Amino acid sequence: MTITVRIQREDFDIAAEVARLSGESRDVGAIVTFSGLCRDEAGTLSALELEHYPGMAETEIRRIAEDAAARWPLAGLTAIHRHGRILPGENIVLVVAASSHREAAFEAASYLMDYLKTRAPFWKKEVMKDGTSGGWVSAKDADDRALDKWQDR
Amino acid sequence: MTITVRIQREDFDIAAEVARLSGESRDVGAIVTFSGLCRDEAGTLSALELEHYPGMAETEIRRIAEDAAARWPLAGLTAIHRHGRILPGENIVLVVAASSHREAAFEAASYLMDYLKTRAPFWKKEVMKDGTSGGWVSAKDADDRALDKWQDR
Amino acid sequence: MKLVYFAWVRERTGTAEEDATPPEGVATVADLIAWLAGRGPGYEAAFAEPAAIRVAIDQVHVEHDEPIAGAREVALFPPMTGG
Amino acid sequence: MKLVYFAWVRERTGTAEEDATPPEGVATVADLIAWLAGRGPGYEAAFAEPAAIRVAIDQVHVEHDEPIAGAREVALFPPMTGG
């Protein structure tokens, strides 16, 4: 079971990350990926500026990944989160979960994303097309509620 | 909303399929992929022979994809299923779901896989390393039960 | 009507597809399976356990109580194992 | 101890990090936030709503009742919006 966490400015390569996990073990039958992309907010957004807490960002995501690995039988789990300036249509985050069974791969990827959204120290600021700052993105109650479904299981 | 279904012998390119859906709309914030791979069954499996019902295979998967598109707000949904001889470690099936929101993308991909497993007319036969036929893979009760979770929602 | 067989149903009947004209009284899928089981040893082996047989009429899944009248193509096969 | 600020907390305090020696009696995270709020207009704006502030001590999330004794680095920031 290999956990990989990377915090980087550069884009990532989904196919390469999937290939790396599928090569981990010949017992991998299911690989789920989640890619989070920057939306253009109905054409008004010019870019997102993603700030993070260096050191803690990686440590916290690794801790969440270890929790996921303890809950589901996984062959590998990868999380890559970008920081810096990100344009509409570009990637922000990638999670890849590999397992023998599809349910474990789906659930681990979903769990990692739900916790990453609310626990990983990243903050998004909007830069609008009209040159103004759209301000800091507010945390969503829906993201907090998304954690509830993992509590009783 | 674009539904793409392909039944083919050749392998598929996850990155290309993801890029195609992320280009569908600037409102795509979440893309989930599921890849199903051929496991080597503890080193005993030489290959799978995947038989399908031409015509119905595509029609039935498209019908399942349309059900998913009616249940969740999606920007695109792609399903590719291979047939013919498939070696351990190779891809069998790919599902890609794109949405504004991550929960819709996760659930639509999971739903499509659960129904595809039990409703799409494909059959797997095992070819063992010792040259014998391992016989036809049996349908799993767990796959039938996986459908139950979508019934009451 | 055209009958098509897949996986071990195809292997046991020894044919992938054939034309057939079931006699009068063969009204439903269940009737068809019972009639096919009587057509010889391979068919008997293929259809010995009717509950294990899945059926599609004109490429749409149906239950065993479905009438076969008007069917152009009836497919008979084991539970599916794709994905 | 070292204090680090992110996002609008950083913008309002006007600094990304600083060394600070809170006076005796500042025992918990809540005490620290109240003390910081009194250090000037930028700090007042940053810490006017203590409930909106998330805190990590030595890079581990903590609640506002957590003692700060022994902390090397205390980070103060808004609710996270990554992913």
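Going by the order they are written in, the chains are A, B, C and D; count residues from 1 in each one.
The rule we apply is simple: contacts are C-beta pairs under 8 Å (C-beta built on N, C-alpha and C of every residue); 3 or more make two chains touch, one makes a residue touch a chain.
Everything quoted here is computed from the prediction, not taken from an experiment.
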{"item": "Touch-network distance, chain B to chain C, counted in steps", "value": "1"}
{"item": "Rounded Å distance between chain C and chain D, as computed from the means of their C-alpha atoms", "value": "72"}
{"item": "Whole-Å gap separating chain A and chain C, where each centre is the average of the chain's CA atoms", "value": "48"}
{"item": "Chain A and chain B, separation of their C-alpha mean positions in angstrom", "value": "23"}
{"item": "Where chain C touches two or more other chains, by residue", "value": "83"}
{"item": "Residues of chain A whose C-beta touches two or more other chains", "value": "36, 102, 113"}
{"item": "Which pairs of chains touch, using the document's own definition", "value": "A-B, A-D, B-C"}
{"item": "Residue numbers on chain B that touch chain C, as the complex places them", "value": "36, 50-53, 55-57, 59-60, 81, 92-93, 113, 116-125, 136-139"}
{"item": "Sites on chain A touched by chain B in the complex", "value": "13-15, 18, 22-23, 26-40, 42-43, 88-89, 100, 102-103, 105-106, 109-110, 113, 146"}
{"item": "Residue numbers on chain D that touch chain A, as the complex places them", "value": "4, 6-8, 10, 56, 59, 61, 75, 77-83"}
